[in-house]
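Take a look at this one; I'll ask things after.
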Amino acid sequence: MSLIKNPRIKKLEDSVSEALKQEIGEKKLFSLAPFSEEQAELTGSSDYSYWRSTFRAFRRHWVAMGLLILLLAILVFTFVQPYLPGQFDPNAITNGENGLPLKNQPADAVHWLGTNSIGQDLWARVWAGTRNSLIIGISVALIEAAIGILVGILWGYVRQLDFLLTELYNILDNIPTTIVLILVSFLLRPGMTTIIFALSITGWIGMARFVRNQVLIIRDRDYNVASRTLGASTWRIMTRNLLPYLVSVIMLRMALSIPGAIGSEVFITYIGLGLPIEVCSLGNLINEGRKLMMSPNLRYQLIYPTIILSIVTVSFYIIGNAFSDAADPRNHL
Amino acid sequence: MSKILSVRNLHVCFTLRGRELHALRGVDLDVEDGESLAIVGESGSGKSVLNKNFIGLLDQNGRVTDGEIRYYGMGDKLRHYQGAGMDENGNYIDLAAFKKNEDWLRIRGSEICMIPQDPMTSLNPLKSIGWQISEALMLHRGMKGKMAYEETIRILEDVRIDDPRRRFRQYPHELSGGMRQRVVIAIAIACNPRILICDEPTTALDVTIQAQVLHLLRELKEKYRLTIIFITHDLGVVANIADRVAVMYAGDIIEIGLVEEIFYDPRHPYTWALLSSLPQLGHRGEELYAIQGTPPNLFQQVTGDAFAPRNPQALVIDSLQAPPYFEISPTHRAKTWLLDERAPSLTPPEALRKVRDLGKATKGGAEDGRA
Amino acid sequence: MLKYLAKRIARSLLTLFFILTIVFILVRQMPIEGYFPNYEKMTPSQIENGLHQMGLDQPILVQLVDFFKGLLHGDLGVSRVYNRGKPVWDILKTKIPISIQLGSLSILFSMLVGLPMGIHMAKRKGKIPDHLGTAFIVLIQAVPAAVYYLFIQLFGTELLQIKLRFDPGDFRSWILPVLSLSLGNIAYYAMWIRRYMVDESTKDYIMLARIKGCSEGRIMFRHIFRNAFVPMAQYLPTSFLNTVIGSIYIESLWSIKGMGGLLVDVIHKQDNNMILGIVLLFACVGILGLILGDVLMVLFDPRISFTKKGGDSV
């Protein structure tokens, strides 16, 4: 036994070696030992696994882990909330004992976050708003990813298209997306699909460029040429060499585009081109709250939606970045 | 000749993915003032790690866990030395005792300088080569302005760069690989060190340039009275320029001696294997010799002789106890049980006799080429 | 160098052309009702006459060509709704100075704060200043600007005793808008310069600088920062655009009589020519930023003027 696997038993092995040496006797000690080829090769090995190291690196980032749990809890809760007992309909107006709407009530046992200026329950509205904003954000992220990846693969793979699309990209990239957003929102009737459409049409471009660059790397980087030379199929190269990197960074882009989409929704609502009042969204809520911003006791109508918005956006941002850092092999130390 | 650097029982560990890598396992080495020492070994043998310790550029996750690096080269400057690491009698500075980066500022450049491996990336792409050389002059010899400029031109001539006044203003990307290497050498010369460490100085270069660079290094060594430490895996370079050779394996120096002793009378089975794998010894139509297996995994404890698993002629004791140094001559020693009087005498491989013959044949012409 | 600039300008003009075309077509899709304040009361022939007067009954390509022809003569058309009959350029002329002031102050401020912040973070990587800075950057980048603009307005006006109504003469009312507008860019600059400096610090030539005996301070500034600053030039255009977009919101929020607030207004009023005029100006600012960024890159990086820009990655 020339190598010890566990340093803790070195002492034991040492004493065993000593004992063995006494046992074996000098003559035998200095005679030729049997040689085994497997032993020679046994020595250098590494049990590195990309995904395992990625998750381990991510787990170490306790802030991101905590936020991930928080975010998942919020996600689950937004969809479960309407089915819990004692919940109000976000659009229903509650009337007080005198028959008039309960306007601008501070938080109490019935209305957990209070009511807004027309008597609707704020707690229900906040969760409805979060639900809709999340739907918008996630839909936009998914659509951007779908279109972007498709275009990106074509762009990178089909050599003839490369020049055309690259020039096109250079131009499209410089178009102020906010202006397009404003115009498109104005043209189509305000609504969920409008916003999702408006946000997606400018966002896929970045994803496409990124995917295209990665596809180019399939063809051109040495380690992929080496893999191809060794006979690896394109599928294998894509899944073993490219996909690990691709998936993690696509997820990063998606994770970052969600806060962006939610933010754009707030912006567009402020301008007056957002969702109609009946559809609750964080943008609407913040806008309504803004009007009451200046009076200290009504401020809560702005603050509660803002808090949940900030938690959601910051969580996506941090988790996205932490995951992308963890997925970088240089950090697998 | 006196010692200028003395490494005693140096242990270096790296923390990697939660585990400890024992990269240097008790290295002992004396470097004489004015000599050319070559350190040879495979990738992973620890030769780069050893040399990084001499200028304090060990990676962030590495540290010295035991041992000393005694630097004797400061001479009279020791009297005014205010920094860390000095011994009680004021004879040397222990570089392994340095804790802060500032401690190294007195050593780097002015005492010990290194020429990194890859000249293509070692130069600042956004500064002219003249500026980069002058910076060294400013840092270590207090030269500025016109004086620095003239001295830089002189050094550029020393390293055989043509048209130095025009080249001064050029940027690294305008120069070829060989010229960039000369610029890096110029920077090192400008620092005016006692010891120059060359980390694989010819690996990144074409064969034709290699000879020129080695020749240049020999010249500069003479002119500036440098001590040179070469790190290389190329035995050809070793034969060309070294006075002494240290062979490293698995974080330890397993054999060290004069260059003739190593080439003509090696004693360690690893050295035998290394020399046997010289492509020049191959017969057309026959398989080239290659050492079986791979170097040991230094995350794990090594018992006995690290080379034993790959050595078809290992002794039983090789896997039980590590051999100490056995002296073959005052200048030649090796860590192998084969040199113990109780060990059987084994004949070195046939190939080594060829090395001797080849060497004797070219020795007449080679001797002029070597310093 | 000149040839390179010429190519860039040519490309920018092409981009401008595309932007205007797309916006033009989009804007022309707006419902006709918006052009007439009392649509319901008008007879079909009156509507037709009105459309004809405004040149809106022509096929779209003809309209497009007419528009560009007018553009080449420096004629941006006349405002139809916002200020009936007044040339677009005259209206814009009055609004531009304020927006430029706001924008320039903001960009200047962002650089003066953002760059040192990023450098400090890189210097103290992993320590408290780095963490604090990162928290700041995360907040600014994750939380939508719309939201923190509001809060700055809310707490800023109370804290600093500033009026909500913007007064260009009173420098105190400039503080909060400029600050709000700058935050995004500060976070941006800090994040990128830190990232670039950290990337540079692991490069081989930095190791050589250390071997040479350079102190860490010298390395940080004369080698790392100086080199990391070069790719920063490409973020200049982005920050110009950020400022432009941000100004749309900020100007509305603080009732600043600039271009941004105007844009929202004219979109609601469907004043086509005004919309096009403003978009043109905004696009020009963006492109100016791009060209500036390119020029700076060439100035700072000796490698670029000699090699052809372009290649694999976009």
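A, B and C label the chains in the order they appear, each numbered from 1.
Quick note on the criterion: contacts are C-beta pairs under 8 Å (C-beta built on N, C-alpha and C of every residue); 3 or more make two chains touch, one makes a residue touch a chain.
Every value quoted in this text rests on a predicted model; they were computed, and no experiment measured them.
**Q** Which chain's mean C-alpha position is nearest the mean C-alpha position of the whole protein set?
**A** A
**Q** Considering A-C alongside B-C, which chain pair is linked by more C-beta pairs in contact?
**A** Contact tally favours A-C.
**Q** Measuring from the mean C-alpha position of chain A to the mean C-alpha position of chain B, what distance in angstrom results?
**A** Centres of chain A and chain B (C-alpha means) sit 48 Å apart.
**Q** Rounded to the nearest whole Å, what is the centre-to-centre distance of chain B and chain C, using the mean of the C-alpha atoms as each centre?
**A** 55
**Q** Averaging only over C-alpha atoms, locate the centres of chain A and chain C and give their separation in whole Å.
**A** 27
**Q** In the complex formed with chain A, which residues of chain C make contact?
**A** Against chain A, the touching part of chain C is residues 11, 14-15, 18-19, 22-23, 26-27, 29-30, 138-139, 141-147, 150-151, 153-154, 241, 244-245, 248-249, 252, 263-264, 267-268, 275, 279, 282-283, 286-287, 290, 312-314.
**Q** For chain B, which residues are in contact with chain A within the complex?
**A** My answer: residues 16-17, 61, 292-297, 300-304, 308-321, 337, 340, 342-344.
**Q** Report the residues of chain A in contact with chain C in the complex, numbered from low to high.
**A** Residues in contact with chain C: 166, 169-171, 174-176, 178-180, 182-184, 186-187, 209, 212-213, 216, 220, 259, 262-264, 266-267, 270-272, 286, 290, 293-294, 299, 302, 306, 309-310, 313-314, 316-318, 321.
**Q** Looking at the complex, which residues from chain A come into contact with chain B?
**A** Per the touch definition, chain A meets chain B at residues 1-5, 7, 10, 13-14, 17, 20-21, 24, 26, 28-33, 35, 37, 39-45, 48, 53, 332-333.
**Q** Which residues of chain B touch chain C in the complex?
**A** Within the complex, chain B contacts chain C at residues 55, 57, 101-102, 105, 108-110, 113-114, 116, 118, 121-126, 135-136, 139-140, 171, 173-174, 184, 187, 191.
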